Each structure stands twice: as structure tokens, then as C-alpha cells.
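Inspection log for the structure reproduced underneath, given as C-alpha cells.
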Amino acid sequence: MDLKQLKIKLGKLVLDTPVLPASGTFGYGDELQDVTDYKFLGAIITKTLTWEQTQGNPPPRIWEFENGLMNSIGLQNIGVRCFASEKLSCLKKLKKPIIVSVGGKSPEDILKCIEFLDRKNGISAFELNLSCPNIKTSKIISEDPRSTFNIIKKAKKITDKIIIAKLSPNVRDICETGIAAEEAGADILCAVNTYKGLYYDWNNKKMYTGGVSGSMIFPMALRAVYELYQKVSIPIIGVGGISSEKRALEMIFAGASAIGLGTFLIINPELPMKICKFLIDYLKTNHTNLQSIIGLYNEKRQKETDC
Amino acid sequence: MKKHKIMQVLSKKIYKEKFVELFLENDLTPFPRPGQFLHILTGGAFIRRPLSIAGCTENSVRILFEIKGKGTKKLSEISKGQYLDIVGPVGNNFPLPDRKKEISLVAGGMGLAPLLFLASQLISEKMNFKFFYGARDKGHLLDFLLPKGDYKKFISTDDGSDGEKLTVVEMFERKLNNEKTDIVFAAGPYQMLKALSEICRNNNIEAYVSLENIMFCGLGVCQGCVTETINGYKRVCRDGPVFDHREIKWT
Amino acid sequence: MDLKQLKIKLGKLVLDTPVLPASGTFGYGDELQDVTDYKFLGAIITKTLTWEQTQGNPPPRIWEFENGLMNSIGLQNIGVRCFASEKLSCLKKLKKPIIVSVGGKSPEDILKCIEFLDRKNGISAFELNLSCPNIKTSKIISEDPRSTFNIIKKAKKITDKIIIAKLSPNVRDICETGIAAEEAGADILCAVNTYKGLYYDWNNKKMYTGGVSGSMIFPMALRAVYELYQKVSIPIIGVGGISSEKRALEMIFAGASAIGLGTFLIINPELPMKICKFLIDYLKTNHTNLQSIIGLYNEKRQKETDC
Amino acid sequence: MKKHKIMQVLSKKIYKEKFVELFLENDLTPFPRPGQFLHILTGGAFIRRPLSIAGCTENSVRILFEIKGKGTKKLSEISKGQYLDIVGPVGNNFPLPDRKKEISLVAGGMGLAPLLFLASQLISEKMNFKFFYGARDKGHLLDFLLPKGDYKKFISTDDGSDGEKLTVVEMFERKLNNEKTDIVFAAGPYQMLKALSEICRNNNIEAYVSLENIMFCGLGVCQGCVTETINGYKRVCRDGPVFDHREIKWT
């Protein structure tokens, strides 16, 4: 399989393939090497890191639906400093762009992470998790365009690295936050994080809140990317319910320059390989190239914003 | 890509209508150790299902499970010759004990599965041990699956329909005076392990227990399966499933 | 089956059972008599009616997912006046509360419908469809709390009939619009309408937008009702992805006083009967009554708002 | 509850690997008429699938379908004795024509199914007619299913592997001079019906065509299956599936 033709630039971020892991189902980045073939992944991404080590939410944390999953991990992670000292050097050996996802209970926490990590070598981009629905003590930043604008603006001041804004789908119109992020200087958008859901457990008679992912959210996630592509001109990483080669390509047709696999990276570790193969076949059969099919069937994209 | 495998079913047996034993072509690397498990796509449920490795030879891997819900139901319908999508072997393992210690294996219900594997290993290492095994009732008792060998077996059922009329933990406790135990390896329902832990603590017995939490990735990357320990939340799939009983904060 | 114990009051709206059809999959109300047994339904509801007869969107209008459906009917209907002269009298014969769903391209259109129908006999309630995602010429009213407040306020001025506000789930926080509706005087909330989705058709290489319904939206719809129940004190009709008896009961546990069946009324016309049976069995086994289990496992409901 | 039924499969036959004929216990009320269809839960797809009634006696209902995708695939796996969840009979029917008219039935591909039922009805009514039937190739031709009787049959395949090498519409047109037709009943793919409509219009022939749109409810309540007509959007499931060809705005 000749992967060369799958090389793609998202602004300054150059990826070997447009297939990325999504944050949170890929550990700190190097743990899935004996399960999925990293050759087919365009970058490494970490679980969202916070300034302090985070405990996360009490178990249970995972609930299952017919076609999806609900989680309430609550950002359990070792913290950026421990990450930098113990994990980062291993990641560099993988020779892929390293995207570090950062989050926290307040904008200040997130900015502190970026400031600290900005001095470290080997990181290509920061993904700002502005959209985790499972931190009970704070509002979701990307539910509000102003807050989104503010944090990105500040982040851009403290780092020259690429800034990816990961957006919440739990909004009236994702373009409002997408445009705010773009105007504040975000280099790339990542859409979407999980949908706010509820699960009732008949065994212990309890209701659990969490974030829904998996195939069931695909049509909504696809719509989010489709709407964004019509209104913003920075590249979009499309995430949400991608469960097959076809759905990966549909995401690209809707406007994604790259796609992220969360739930289905675990369910089907061969999916990155299959998507790459399918993409290559598609490009060949249709005598085209990857860049040309981004947003190909998003007819509403305004020509002016196409730059 | 070493741990994601498509493995063929070599044979299948059903016991007492709801217990299924599968032998799979052994394609696993590295060679599994007792306590480890396979994370299996059943076709009947969205996420994989963890099942202990109940035995392993060069050629075959054995799993043994009870039909509980949608995943195990669908899995029970597989036939010889068909293939399973597996991630494994995953998880840690029971630590190999010192020869000089008095070893007891304590299995409740389907906790039998991982301990069958451990028992076989101890037998082949020519180590001595006792096997305590309890089930709800006769219909749930699979004692005929215990490996042949020169070790003591103690069988109980909750309702006394076979063996002693005790829970396996009660039986273990009662025998403590006559049957000395330095170290325990246990698997079974949470409440059983909790009760066992208490007894071991009181009697200063070392104990390693295998927990069964709901798992998504089974690989340590999603933090979905954690249990609370004295060292914070730990992943049952990667830091476990086997834990020193003193580490766990029982709830 | 003794249905008496399933009688429930949603304020002034008295229902024989808490199982309702949802608007749009029940025609004008009397068309499904040879398919589902009306005995198990608490009320009749119409497809959303508009002031003028509406053509609706060009076909195709229906797309299928593994666990759901996307539609873009675009409110095709015969218009309120034709409904009043041709259909209403038949509905009255069914001896059930009649809920007329009204909608339109502008608040004025909706109010005109109410004004006109208010003079007709036999209507118990108006459900204001403030949430149809498929009218391309207008914004969704219930995406905005102010607009929601305004239209309900006006509606309450022109009619004394019960006002149900049907809310969109495509918002940051459905409580914002739910509270606005309550403050404006809405008697009942209905949550939720469909989720904005996208479908790519590989045959003709086209993207279609529409509203997603069916089992795949259940966890999100359940969450919406759960959140609303904590913040409003008017009754809630829970709608969205209810596909089984258990899910109907979960919706009630989360806070719904009645439940609406859309997609699954078509897929399983026996579901109303099954839900009624299941409810009766549940009430008996647990020595309780319907009123007491509304919101039973919604632990967060503030005692103060409980009235 | 008259139109929602659980009906048993009495027998099943598979032709040429991808065509399935089922006879179901006839539990339908009212008695179905040619042109009507059943809306069936296949188990393989989320929404029901519409399939024409291809024949009907007091005791049994016949359906005949091609395995196309997930729904029909799953449906093809059903066995004799199992049950199907059905809504039906639904839809309108072919209008019974005047005895004095020259009648032609024109079937393309699986459009055969409803016309088999119509043909049987005409035969039992002792009415004369001609049957034009075309398929893609020999492998798709089910002419052996045409009912016995004293009527003219014209068979074609697109690639000439059996019958005349013509589309069924071309064949119908060519025979027009010799085989007078006053009224046509047709079913098949949209493009075929469109071409046929054009010919009928030019030759002033009355024609009724059965359309195949994607359907959700099949009952006329969701407005999901509409087709554009000169009288606005009409529901294929309730106002059709049979339409006067002049009413349709062909696209």
C-alpha cells in the first residue's frame, strides 16, 4: 500500500495520513503499538492532560448502548508535568507529529499546561479540549463563543505551536463557536466531542450522566463538520462515530481534512489500515487526490471562504 | 499488531445448558499466564467482553463462560471452525508463589475459569495446593472440570444440593484450622472476594484476587474500568485484573 | 388489563394512559386505527399543521441508520383550515383528548393557527412545534429562549386551551428554553424533537440534511428530560428514541409525566400496549402508583421546585 | 388491529441464488388486491421493507423478491415455520380494466411480482391480456413463474442471453403495431416506467404504473414516500403505489 498520496497538510500540521486517533481512547500515545499499526496513523494524540494529576470520576465510568457508548472518565490523567518527564521522550521515538490534548477545570489551568509544555521539545500541536462533558465542577467552554474566543486568544499569545480547538456538539449552532475559535486564531478545529447523555442502571436504580460516542452519533457529527466547513476556512478534523471506511470518507466529503477515531479504534484496531486502503482505492478509481475531495460534496460551501 | 487476532474455534462444549467451553487455535503472543484474559468481540454487544483464559497449550487456548446476557448469548452460538475477533492476552497475572508456602485456590462461580489455568500450571510445576470451589447450586457446579492431580478439593454449594452447604468463603474459613494456608489466589463475584479479603486480613494470609469490572478497551488506555485502591484509581484491565487484596478499597 | 391506574393528569390535561403518539408519525390522528389499538393511547395528536397548506420538501425525505432514521418532511400538511373542516369531526369521535400540533415559518403563522382553531370545539391542547429542523426558510424558535418566551406569551393571550411547548434538543442547555417556556406560561413541555443530522447518499453523491430520530437518540433525549425535570415544575412529555417498555419507564423515572412514541409507533405498533402492560406490572410489583414514579430516580431534583 | 400481523412462513424457494419466493399463511384482511403490498420487518434493517403481493389464495400469500441489500438478505434467511412481522395489505391497486380493452402487462425486473398477481386475477376473471416481461439477463429472468394460461408472452433480456435482445420497453414499442394495446399495467424500475410512460403518452395508451419509493410508515401517516405529481406531492404508499402515468411528474 503506497501511503504517500495520503499525506495531507492542515495548515502547518503535516500528516502522513489523514487518519488520527481521538483523544481519550489512545492513552498517552504509545500504548497501542501491539494492537494497531501506527504506520496508518497521521499523528499521535494524548489523553487530555491537566495541570495537576486528576483522579477522575468514581466508577462505573462506561455504559453501553446498541450502537455506542457513554463514558464519564472525568479526565483521569497523570498531569502534564509527569507526562513531560515520563512519557514525552517515548513518543518522540515514534516519529509522528505529537498532538497534546490539554484541558482542565478553568481556562487558567489549560493555559498553564500550554505554557509549561511549550518549552518542551517535540510537540507539534496543542488540542484544547474545550468540550469535555464530564467535569462536574465547570461549564463546557466551547458551549459559549465568547469563552472560546478568549481562551484561544490567550493560548495563541503564549505559544507558537499549532492550536487545535476541540468543540462541543452540545450547542445550538457549532458555527458560532467554530467562528469564534477561528477569529481568535485557532489553526485547526476538531469536531466533535461527545454528546451529553444519560443512562439508567436497572440493577442499582441509578442514573448516570456522561458523554455519548460511537456509531449512533455519526449523522450528527457529520452534520457539525458540514456546517463548520461552510463557515470557517481553517482545516477541520472530523470526529464522531466513524465506524467504517465509508463513514471516514463521508466525513472528508463533508469537509474534514483529517478524521479522528475514538470508540472504533478500540472496537476495530484494523480500521486505520482499512480506511487508508479504501482512500487509496477511491483516489485511484476516481483519478483524484486527497486535497481535492475535502468537502467535495458539501455543495453549500461558499466560494469566497474557500481559500 | 500482535495482540489483535482473528482466532479459529477448534471445539465447543456446552455444560448444563448455560456454560460454554471453547478451545481456540492458540495464536497468542506472548504465551499467556494464569490470570490474563481475552477481550472478545461477541457480535451480540457493542463492546468487547472480557473472558479469562481457562487453560492454554502450544496449540489451543481455552475459555469457559456462563451465558449471562446478550454478549455471552451470541458468543455461545458460535460453531467450530468459525472465527473470533480477539484482543489478548491482556492483563497481569497471578504471581507465582514460593514453593514453601501453603497455597489455596478459592473460586466462586465462574471465578473457576482463571483458577483452572492456575491449577494446571501449579500441577505442571509440581507444586502443592488446595482447591476450594463453590457455586450457587448443583446446576451451577462444574467441578468435573477440575484438572486431575494430587491435590485436595473442597466443594460447596450455597443451597447444599452438592458438596457442603456453605458459601465457598465460609467453607474456606472453617477449614482454616486443619488446612493451613499462607497464600490465596481467588476469583469470583465482588462480594465473595470482599468477604474472603476480610478473612485473609484477620488471619494474616497473603491473597491475590481477580476482579471483574466492565471494560471498554481492555488495554489500559481509556481509564474506563478502574477500581479504587489505596493508591488511587487503578485500571482493572491493565494494573489488574489480579490485585493484592490489601490494595483494594472494598465498597 | 386494567388501565384505570394509568390515568394521569398533566396539569389540566387528563390522560387515560401516559402513552402518547408523537407528532408526525400519527397522521392527522385517526389513520392508524387498523394498526395500533387506540385504547392504550392517552391522547390523539396531529401532524404539525400550518396556516397555509404546506408542500413540504422535495423527496427523498427518509434515510435510515442502523438504529434510527433521518427525515426531512418539511411539514407537508393540509393546513389548519382544511384540517378543521375535514378531519376534526372524525377525531372527536375517538373520545380522547385532542392535541393539535401547530407550526409554521414565523411566530405569526403559528399564532394565526391557534387563533383560528381556538374557536373550534373539541381541542384540548395546542402543541407548539418550536423545534422542527426541516424548514429551510426559518430559524428554530426553541433554539432561543427569548423567542420561545415571546411566542408562548402571545399564545397564552389568545387561547385558554392548554399550551404544550415542543422543544429542540439542538441547544446548549435545554433548561434555558424550558424555563423560558415555563415563565411565559406554558402548561406542559414536550422534549424532544429530532436532532440535526446529515446523510450522504453514495448512489447520487448528495448530502441531505434532516432530523434524526429513533433508538440512537434515546440517551440524549433522556438526558434532556432529566435536566428539565430538575429545573422546571410544569409536567414534561418525554419523547425521543423510546423503543421498548423499559425505555418508556426510564423516561418516566427521569421525570416525564407522559411519553411520546414517534419512530417506534411505526416500527412496533404494539408498543403502546406493551408499555401499558409493563407499567401496570411494575406498579403492582412495587406497590406504587404512576404519579409516584415520575422522576423517581432523578435524585438531583431540587425539593423546592417540587410542587 | 387488523393490519399489523405476525404471519407464518409456509414455504420458501430460492431461484437462481438471489430470488426468493415465500408463501405466508394468509391472515390478511381485507383480501388483498393486485398492486397492494406488505410492509415487512426484516430484522436486517431498521425500517420495514415494502414487497408486493405476488399472489394470494384463501390460505396463502405469496411474495417474491430479489436479494438487494441488508433487509432482503436477512429476509432470505428465514425458514419455513418462522414468523414475519407484517403491516398489510397496504396501498391501492391496479384498477380492474374494461373487458373490451386490449390489455398489456409490462414488467421490468422485479416489477414481475405485482403483475404475477394481476395476471392470475385476469386469468381467473377470464380476461384476455398480453404479458411483456424483460430482465437484465438470463440469470435475472424468472419467466418460469408466469402463470399458465392462454395469453401471449413476450420475453426480453437487455443482453440477449434469453428472449429478445431488447429492453422490455423497446420490445413493447416494437410490437405495438401488431399487438394492439389500449391499456397498460406496468411495474419495474423508475427509468423503465418513465420510458414506457412516454411511449404510452405518444400512442394515446392508458397506463397505470407501480412506483417503488423508500418508505417509512407504509401507512400514509409520515409523508416520507412522496412522489411529485401534477396534483402536488402524493404518498406512494397510500395514494399509490399505482398511479395513472399522466399524473406523475417524471424526473
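First chain written, first letter: the chains are A, B, C and D, and each begins at residue 1.
Here, contacts are C-beta pairs under 8 Å (C-beta built on N, C-alpha and C of every residue); 3 or more make two chains touch, one makes a residue touch a chain.
What you see is a predicted model, and the numbers here were worked out from it, not measured in a lab.
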{"item": "Any chain in contact with chain A as well as chain B", "value": "none"}
{"item": "Distance from chain C to chain B - Cα centre to Cα centre, in angstrom", "value": "49"}
{"item": "Distance from chain C to chain A - Cα centre to Cα centre, in angstrom", "value": "34"}
{"item": "Whole-Å separation of chain centres (CA-atom averages), chain B against chain D", "value": "58"}
{"item": "Contacts with two or more other chains, residues of chain A listed in rising order", "value": "65-68"}
{"item": "Set of chain B residues in contact with two or more other chains", "value": "none"}
{"item": "Topology of the chain contact graph, where touching chains are joined (line, ring, star, complete, other)", "value": "line"}
{"item": "Interchain pairs in contact, sorted by label", "value": "A-B, A-C, C-D"}
{"item": "List of chain D residues in touch with chain C within their complex", "value": "1-4, 41, 45-48, 87, 213-217, 219-228, 232-233"}
{"item": "Residue ranges of chain C in contact with chain A within the complex", "value": "65-68, 70, 143-144, 170-173, 195-200, 202, 205-207, 209, 212, 215-220, 222-223, 226, 246, 250, 253-254, 297-299"}
{"item": "Complex contact set, residues of chain A against chain B", "value": "24-27, 31-32, 34-37, 47, 55-56, 58-62, 64-69, 71, 73, 76-77, 214, 266-267, 269-270"}
